[in-house]
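The data blocks that follow each hold one structure.
Common to both upcoming complexes is subunit A, partnered first by subunit B, then by subunit C.
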Partner chain A sequence: MDMFFGLAVSAILLGCTYTLVAIGFSLFFGVMDVVVFCCGDIAIFGSFAIMGAYVVSQSAGLFGIFPFWVCVTLLILIGAVFCAAWGLITHQLSIKPFQNSSELMPLLSTIAMGTVIKEVLGLLFKPVVNTISTAFDSESAVTVVSGRNPQGFPSLLLPGGTVDARHLVIIAITAVLLFLLFLFLNKTKIGMSMQAISQNKELSLMTGINVSRVIIITFLIGGVMLAISGFLVGSYQKLMSFDDGAMYGAKGFSAAVVGGLRNTWGAVIGGMLLAFVEVFVSGYIPRGTAYSSIVAFVIVVIFIVFKPDGIIGDKSVEKV
Partner chain B sequence: MSGTVVNTLEIDGLDTSYGRIPMLRGVSLNVPGGQVCCVLGANGAGKTTLAKAILNIVKADNGTMKLEGECMDSWPTHKRVKSGIAISAAAVGTFHKMTVEDNLKMGAYYIDDSLLNERLEEIYQSFPVLRERLRQKAGTLSGGERTMLAIARAVVNKPKLLILDEPSLGLAPIMVEEVFEIIRRLRATQISILLVEQNAAKALSVASSGYVIQKGAIVFSGTADELSRSEFVENPVM
Partner chain C sequence: MSRKLKLLCVFLLSLFVAGLMIGDSSVEAAESVVKIGFLGPITGSDAAEGAAARNAFMLAISEANKSGEFPFKIEVIEVDDQSTENVAVAGAQEIVSESGVVAASGFWNSGPAAASIPVFKEAEIPLLIWGAIRESLTNEENVPYITRSAPTDKQENIPLAIKVLDEMAYKDWFIVSDVSSYGSGNFNAFKAELSARKITPLGEEQVPEDTTDLNAVVQKIKASGAKAVYCGSTVAIGSQLKRQLFEGGVKDILFCGISGMKTEDFLKIGAESAEGTLVVSPGVILEDTPEGSNFIKLYNSQGYSEPIGAFTPYAYEAALIIINALRACGEKPTAEAMVKAILDSKTTGIMGTTTFNKIGQTENVAAYLNVVQDGKWVPLEKSEYRQGGKLTFGGR
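Entry: the complex of A and B
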């Protein structure tokens, strides 16, 4: 029973990281009818931006001047600004120009954008960054051989607390974020407009919604969500690689498809389902860790074949 | 100006195309203030394209459009809606996962929050069937109720010009009757209406003037009387 409980907590934790990336997919898909394949990369970009900002603020002595939590909030804000900017760049460069062409074009161009993000991270983060950031936190110290090796994510979340406490905070932050998103989508004019565009774009135009403005706001908000998810992923993994975005993107996209691409709550359910399957396969099947991702993706394939609309379905996947 | 009827909408020489295929060719028309003006034409004649071009949802290649004398060629769609043009197009559907009330609130996008409830109350009085369905998802409404919702959503804003795109589309005869009763009531409120219809007899029963559109061009225009006597309308195949 103890094992079951422990696994369930890990699953929820992993599910949180998938969920936030999946929500990025579903927000963007909702307003653009396009799968933005670089969501995972934007999230990882966010965690690297936070790492970079941390290094800079460390050497500037910021942590000595302001209280710790102020600095951390500031770092997350910096990550959010960077990710929102990348969200906007993604929209302007790899989606908007292809609005009137085949639906395959933005798919390819967002994959290309993901590669760009990966390569930028690979170029920017040299080993020297790592030695500084890990000096602060002995727990995550790693030996670095080349510029492309994993970077240690600084302990910004409860640095003095236990691992369990840190994990609970990650779950709590995700829950708060989901709650805020729920309020935003249902109680504000912009949020309602986002839903309206997702349900009926032509009618949204006719209703007088400034559709292009709402789309831009969606990309900004999606970027901020992805930055926070990057922060949580970093705090959870402790070790980030520049190409982690591909894996998180794949998992986030799968979660969104399983839940129902057009539905934000589908992303939560899908993310949790995938995480539970992965964690329990690793936990209960001998040497299951090797197969956990395979089982998860098999489930995705089963959904695509038998229930392409996802758990909370709307007609959606046909548009991909 | 007094004595003459001011046109709510003036269109002059409107051309649109879909890709390289021309859709509308040199369409000019006026919607007189406070009256119902109809545009009659067969399927594919360009009626809906015209309706969408007025809102800049379909882009115009040439031509000018004026709303109450003010040139609006450079206005994006949302500005045209904000300035008082509303469209109800039954074929476009609803926000199907939102409640009826939220659909109406989306229609009231530019209404001040303090006036919203009062305005919604007026709508429920004109469309009692919607009051019964307030909390229901719009996707669960019947065809007739959806048309009512589409019209109600368009008039929430108190538009200067209301475009009704095929309001009788796909409705049972009794519902068509009801929809035209609503149009008569709206006409009495002095709102200018551009009624785009395939059902010429019904449209002419409420319109005071109108146009016939064929293959993207206006081929006849006149008063309702002139229209009902014209060869274009007598032809039952149109």
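Entry: the complex of A and C
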């Protein structure tokens, strides 16, 4: 029973990390009808931005001036700014130019954008962070290793607390984010406009919704969500690599497909389902860890073949 | 001065400068150059080992160039294989296609090494492996082109097995590795040691190399009641597993493994959970020999940001073996001559005297154990974890 409980907790935590990336996919697909494949890379960029900002703020002595929680909030905000910027760049360079092309074009160009984001991280993380860091105090400055190397994520979530408490905070932050997203999508004009576009873009245009503005806001909000996702992934895994984005992107996309690509709650259900499958296959099948991802992706393929709209996705009907 | 005269002066000056430059380059072209390839994971998940090895290799070559002993300059073509097979093969092709290359040394990861070996064999350029330990890399088919100065996975695991299975007598084991050839090689080598002592592990798991969440494995270890965990993997998996075991409450346990974990990154990522980790390192304790101590001083005086790793001395030694072979080949070394010169070489370096057996494998095999004590790697016999010391390993 202990093992079952332990595995369940691990699955929920892993599910939280998948869910937030999956929500990014759902938001973008809902509004744009485009699978933005670089969501995972944007999230990982966010976690690296937070790590870089942490190193710089340590060199600048910010942690001694402001309370710890203020500094951490600032770091997450910096990560959010970077992720939102990547969201906008992705929209402007990888999606907008292909609006009237085949739907494969934006899909491919967002995969390419993922590679750009990853390589920018690998190439520029060290020189940029170390240049800023040493500008404050060249002798006692904290520095980072090459962006292509694994990086230990700093303890920014309850650094003095127990592991269980830290895990509870990760689950709580995910739940609060989901609640805020629910409020935003259902109680604000912009949120409802996003839902309207997701359901019927042409009709939304006819009712006077400024679709371009809503799309840009969606990318901004999606970027912020991905930054927080990157923060939670880093706080949970503690070890980040610049190319983790592809794995998180694949898992996030799979979760969104299983749950229902257009539905934000589908992303939650899909993320949790994938995580539970992976963790329980690892836990209960001898030498199962090697196969856990394979089993998870087989489930995704089954969904694509037999229930392409996902668990709670809307059934799309096309009239000829 | 008229405009025409000015133009003439500028033209003549240009010719003069151009002539100087041509003359200068012809002087450079006259200098004889011998090229050596170096391959390793300079970036990526194994960069801690690869970058330090690159530093040591370049250091030895630089010392040889400075000595003035050779009538040519030794140039190194450096390739970052990123621990990836296709990148390694592309790098190997880059090296063999360069004119003037007479030998190469490479690889910390066995997968990239195995994938690149055919490239060197086909080009008939000798490859001296400094860090990849899969046993099958050196064999009768690959000799004389492929030699290795590092020990094999089997040779590395034997001293660890003797310590933890025979001397410390741990019986309840859970063995973990990644699915890479490095991980699988170690997994099988240690499992063979267990089998030889009629011990069946309570559990075993092989995880994909990019796994970051090992909590399911932690739960399995917890449920198995294992008193000792063997991790035959590199720092990425090893440090994550140790940390997640610690955070999952599995603290009273022996955690041991292979040299791939003996890096500064393991200490950083593992933090307090790293304490008491036991790993085997190839080679000798450098501080205990004058040659080793001199190497430490020399390396540390260069201001490298990467500290000496488990295989850094092997990369330095590989460079010394190549330099020794160059010496044997005289004024105009060729790849053909270097094949024989490396295989027949007898090089006394910082870890004793290296010679190769009939399949190109080093006959200089040595290993020692290290433990993490107070956030540092310490040779077991010099630590408080030694027999009779103040500290004891978990799981007793």
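Going forward, the second predicted complex is superposed on the first by the 291 of 320 C-alpha atoms of A that agree within 3 Å, B and C clash if a C-alpha of one lies under 4 Å from a C-alpha of the other, contacts with A are read in each partner's own complex, and residues count from 1 in each chain.
Just so it is clear, a contact is a pair of C-beta atoms (placed from the backbone, for glycine too) under 8 Å apart; a residue touches a chain by one contact, two chains touch by 3 or more.
From a predicted model like this one, the values you see are computed outputs, not experimental measurements.
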item	value
Touched partner set for A:L14, first subunit B, second subunit C, both or neither	second
Touched partner set for A:P308, first subunit B, second subunit C, both or neither	neither
Which partner, subunit B or subunit C, touches more subunit A residues	C
First, second, both or neither for A:K238, with subunit B first and subunit C second	second
Subunit A positions touched by subunit B in one structure and by subunit C in the second	none
Subunit C residues touching subunit A - in the complex, by the definition given at the top	43-45, 47-48, 82, 179, 203-208, 210-220, 222-223, 235-236, 239-240, 243, 247-248, 265, 268-269, 305
Residues of subunit A that touch subunit B when the two form their complex	189, 192-193, 195-196, 199-200, 202-211, 314
Touch list for subunit A against partner subunit C, complex	2-3, 6-7, 9-10, 13-14, 122, 145-146, 148-150, 152, 163, 236-239, 241, 244, 247, 278-280, 282-283, 286-290, 292-293
Interface residues, subunit B side, partner subunit A - complex	55, 57, 76-78, 80-82, 87, 89, 92-98, 102, 105-107, 109-110, 153, 157
